[in-house]
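I am attaching a structure below and will ask some questions about it afterwards.
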Amino acid sequence: MARKILFQQAINEALDQEMARDSSVIVMGEDVVGGTGGNGEMDAWGGVLGVTKGLYGKYGDRIMDTPISESAFVGAAIGAATCGLRPVCELMFIDFLGVCFDQIYNQAAKFRYMFGGKAKTPVVIRTMIGAGFRAAAQHSQCLYPIFTHIPGLKVVIPSSPYEAKGLLIQAIRDDDPVIFCEHKALYAMEGEVPDESYTIPFGEANIVREGSDVTIVALARMVGFAQKAAATLAKEGISCEIIDPRTTSPLDEDTILESVENTGRLVIVDEASPRCGMAADIAAMVAQKGFASLQAPIAMVTPPHTPVPFSGVLEDLYIPGPARIEAAVRNVAEYA
Amino acid sequence: MARKILFQQAINEALDQEMARDSSVIVMGEDVVGGTGGNGEMDAWGGVLGVTKGLYGKYGDRIMDTPISESAFVGAAIGAATCGLRPVCELMFIDFLGVCFDQIYNQAAKFRYMFGGKAKTPVVIRTMIGAGFRAAAQHSQCLYPIFTHIPGLKVVIPSSPYEAKGLLIQAIRDDDPVIFCEHKALYAMEGEVPDESYTIPFGEANIVREGSDVTIVALARMVGFAQKAAATLAKEGISCEIIDPRTTSPLDEDTILESVENTGRLVIVDEASPRCGMAADIAAMVAQKGFASLQAPIAMVTPPHTPVPFSGVLEDLYIPGPARIEAAVRNVAEYA
Amino acid sequence: MALSREDLLEAYRRMKTIREFEERVHVEFAKGGIPGFVHLYAGEEASAAGVCMNLTDDDKIASTHRGHGHCIGKGVDVHGMMAEIYGKRTGTCRGKGGSMHIADLDTGMLGANGIVGGGPPLVCGAALAAKIKGTGGVAVAFFGDGASNQGTTFESMNLASVWKLPAIFVAENNGYAEATAAKFSVSCEDISTRAAGFGMPGVTVDGHDFFAVYDAMREAVERARGGGGPTLVEVKLDRFFGHFEGDNQNYRAPDEVKHVREQKDCIRRFARRVTSEHDIAEQELAAIDDEVAKLIDDAVAQALAAPDPLPADLTTDVYIKY
Amino acid sequence: MALSREDLLEAYRRMKTIREFEERVHVEFAKGGIPGFVHLYAGEEASAAGVCMNLTDDDKIASTHRGHGHCIGKGVDVHGMMAEIYGKRTGTCRGKGGSMHIADLDTGMLGANGIVGGGPPLVCGAALAAKIKGTGGVAVAFFGDGASNQGTTFESMNLASVWKLPAIFVAENNGYAEATAAKFSVSCEDISTRAAGFGMPGVTVDGHDFFAVYDAMREAVERARGGGGPTLVEVKLDRFFGHFEGDNQNYRAPDEVKHVREQKDCIRRFARRVTSEHDIAEQELAAIDDEVAKLIDDAVAQALAAPDPLPADLTTDVYIKY
């Protein structure tokens, strides 16, 4: 049965159902319980924004607080995964990858290859992405292009509560290392989510809106902005098809290429930094494989090549919004 | 006066001349001296491949061995840069960025922006890139797309002894943080290098070979491979223009776009992993800004989306070589 | 080098300024005027002041996410700080950094830091620069009990020791890292125990007592300036507010904060001692209180009235030249 | 739990196998047949054997760039190893990993590692898995004096301690990290001193003495299996070869290696002791020597004759499913 719940509840529910189903699933991270070692309540926080709240009461020691030692505990999750557990490890903000990145890209991502196919590392790293919280340069980044760059990792970026739950369950059951990116500005998004357990396969894009004039590819929070823009543009007579890849590695190239075949025009909207970013990655793929379909330059709508500013007026300019998407679509639609 | 020296001598000479010229230039890294604390010779190694050999004799304590604590000493180089020195810090292999990345992308890269323009961080991080040494998955990566992704960093990738010297001197004098990538397979390359000091500005591509049919963009070791391919293709009547961007951040977009305007065809050759990689970045830029010139799909010649294998037979297949470049060029040249 | 009357009044002024600043930010945050994540330093003032009273403008400090106190202790302008916290163009960082990134290189404040453990490596560099340039300066890394478990912190202590740097590591142990108790996350009783593993002296002091902090720091600074290498100073103290603004602190015992505020207020303790032992009159302190109150009022008023950054500011200050 | 005759012979066999393996790789490398970076373990055999003789197949180890000895100590097949070092399809990792990445999960060998300090976090995970699954297993992190300064190593010791994991940290202090002396890079006399900062027992033992290593490890393993948490065991030893093959070792005193080989050979010391104190005949050891020599000959011959990986292998084994 589907009911409306928040994105963050969808995450919680996915964890809950998988922990109930499979005793090898464990959860760890900074304050994912909260209160460990103190004189107050346990499960005091359930994650810095409350996403894992309540799991401690049900699963006790299978959800564990950690010291602030990301290399050690992310590495521990990875090591435990090679030894038969299915850890879901929280890296609070993706911005913190710099203090534990080696364990992810040199260890987890490469074990299977380096060891000639003998290792299996079913670890999930859940992490918050994105701007919009006035959290400034070190707590607002997207950075998933960096993980997408690395062979051996899978990268998942849900844009709705429905996808959050289905993709997270898939991530936990998946036998490869998965980076699961949760946009903090989506936590409060409400949407229909089945109460039973279900999975969404990786590498299958979602066609969020069908259209015939311009293809928009968008991820995470940008999907909603693209929808807003598309609604406005529809009134102007421009029909947009919106594709949400949902996973950037693997990437569903076919769905994007098919759409561009129909529309001939492509706008990619991404909140990550532009250089060697996700928008560039998709643009390059289409410029290689879908060139014959293209009737206009590919447009990329991204933030500028700057850190994320603190001040609200600047941050709002930094984040690609519906207005910039509309302008980009109009541009490519008019191109002849 | 120019004479022929090796790529690694060019690096050494650049360091030597800058240390002589400016007492605020210091060098640090693991075994950049070699022998510290021991019972044998000092300057025992001069870097793991001997690149910094001899500097200790001239500059004493201005070149320093470090413990294996990349976060601490890379961070120290960065901190010292904010306090008036010009450190050149060696991260032995770029593959090790995972144990010190935070200091680079969250600290050095963002200081100036976060601090409202008040900080200056003139640090250079020298690091070895690339495959070909049978050094396997953790000592053969390119990874510069990750640095290129980060606003606030500059990324330099020389392809010849001449460029190594001029770009390194520029990097040391530059007031922004610079990642200086040295392909280990180029160290033994010989080339003409002026003995006096000179700089090569960042963001100015080098047109390595002029041509009219197909533009090839290549970096580092791939420049030589592209030249080989171009020589073969010339005999077949295909005229290639080869562009070496030399710095990926800033990127000289104009030179690439102008070339594509003339040729209408673009092949990008890069040794980095393909997803969100440098080839994708350049392809996307041209698909946005040079679309009208393009007469064929953009071709990317890169390694597959896999870690670097150990076995020589596999590694040779992994690395993009002249044969694959030729095939890609023929393909786009024939496209109609 | 006993503290003069002026020094004591200055120490009081710094502590009081921190306290007023933080209490006021707390109030303003609750009103909704202040954006982002804000971590308050109230309760820990004796540490910032006790440390920084030993430093000059040539000395450097690196701070943490909980940085306001260190800034004020090191002499950063309060008006600029308040404007920064509001994201205004007149802020210390022109509105681009916010509470977690206030830096002021002129006063030797190398920056608050959003990354736990981000500061200690930078401090090694600042200390190295002082050593190489022969300035006689020292550099101080402030970090919390939580940060004491970060690899960067350990590495930095080792590096400072092997390079014999004029660096001082100040572990502010307030018992919690977010909602996790140090009793759990730090695997030894006193963080200062770890100094032995890095061949440096380590000491634990009562952070509610300005004088204890000051004295331990004086010794450490003297050692550093004299070429004796680094020291680890653990300061045990308590925070008056939650981890960040909005934290309900249910991981603390119900009466914990009340008890701390009543029994362990470093400023009241300081005031009692200097008025009884140091020939300082209560009125002198009261006068400072008034001045500080006005200063903070004024800082808030000016911050509120200040202009936002300009749209063009979005893309400046990324590089010096690109 | 005294060692039986069989145990002693087995310990000898493992040490001798490591020695022969490494001496032979040295010779073959010089001939040019072996690609890549190769770091030899010869001289340190008593550590691998002394540690691993306390472990079962259910226990896990994580190793370093200098991993051959740990592999053999833990029971990885020597033929597979040799083929791997030659990059052959019959290698332990089908030629994709090479010397620096040999792993064999079946025998509990979680991998050599090209990243200094890469192993300790993984060992925390292996120990956690044992703890959660209640297998009674332990996990051992081998790391060098150089790696003892890596943040990951410190963090892992703290994590293992706060989670009370059945983990053991074995610091193999051979005096050098590449060309840099531990005397410089490690800021305390004994690495085991650092244990106190992580609330765990720490001990330093003579790594030229198999029995010293074995006994210290036995205690640590018992503690870990009994729920008593982690231990730091520092093993002081010497390497017979350079950091990697091709190293001229000019950072060592001119006669250092000669002295070490003559005076500090752990295998000869072991042989002397077991033949004099343990009722083991020299011929028994000689018989093992012969077997081992044949084994290594055979491993090299087979490796040389083995096929290279197939071109299609380039793109397999990246993901289980993509």
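Points worth noting:
For reference, chains read A, B, C and D in written order, and residue numbers begin at 1 within each chain.
Heads up, the rule we're going with is that a contact is a pair of C-beta atoms (placed from the backbone, for glycine too) under 8 Å apart; a residue touches a chain by one contact, two chains touch by 3 or more.
Note that this is a predicted model, so its numbers are computed, not measured.
Touch-path distance (fewest steps) from chain B to chain D is 1.
Averaged C-alpha coordinates put the centre of chain A at 35 Å from the centre of chain C. Computed centre separation for the pair chain A/chain D is 40 angstrom, with centres defined by C-alpha atoms. In this assembly, the C-alpha centroid of chain C lies 45 Å from the C-alpha centroid of chain D. Each of the following residues of chain B touches two or more other chains: 66-67, 69, 71-72, 95-96, 98-99, 102-103, 106, 113-114, 136-138, 151-152, 304-307, 309-310. For chain C, residues touching at least two other chains, in rising order: 93, 95-97, 101, 113-115, 149-152, 155, 158, 162, 184-186, 318. If the chains shown are joined wherever they touch, the resulting network links each chain directly to all the rest. Within the complex formed with chain C, the residues of chain A that make contact are 30-31, 34-41, 44-45, 48, 65-72, 95-96, 98-99, 133-139, 304-307, 309-314, 317-318.
Interface of chain D with chain B (complex): residues 35-37, 87-89, 93, 95-98, 100-101, 113-117, 146-147, 149-152, 176-186, 249-254, 256, 308-309, 311, 313-315, 318. Taken together, the chain C residues at the contact with chain B in this complex read 60, 62, 91-97, 101, 103-105, 110-111, 113-115, 118, 120-126, 128-130, 132-133, 139, 151-152, 155-156, 158-159, 162-163, 316-322. Contact residues of chain B toward chain C in the complex are 26, 61-62, 64, 66-67, 69, 71-85, 87, 102-103, 106-107, 111-120, 151-152, 154, 174-176, 203, 250. The part of chain B that touches chain A in the complex is made up of residues 71, 95-106, 109-110, 113-114, 136-138, 145-146, 148-152, 249, 251, 273, 275-281, 283-289, 291-292, 294, 296-300, 304-307, 309-310.
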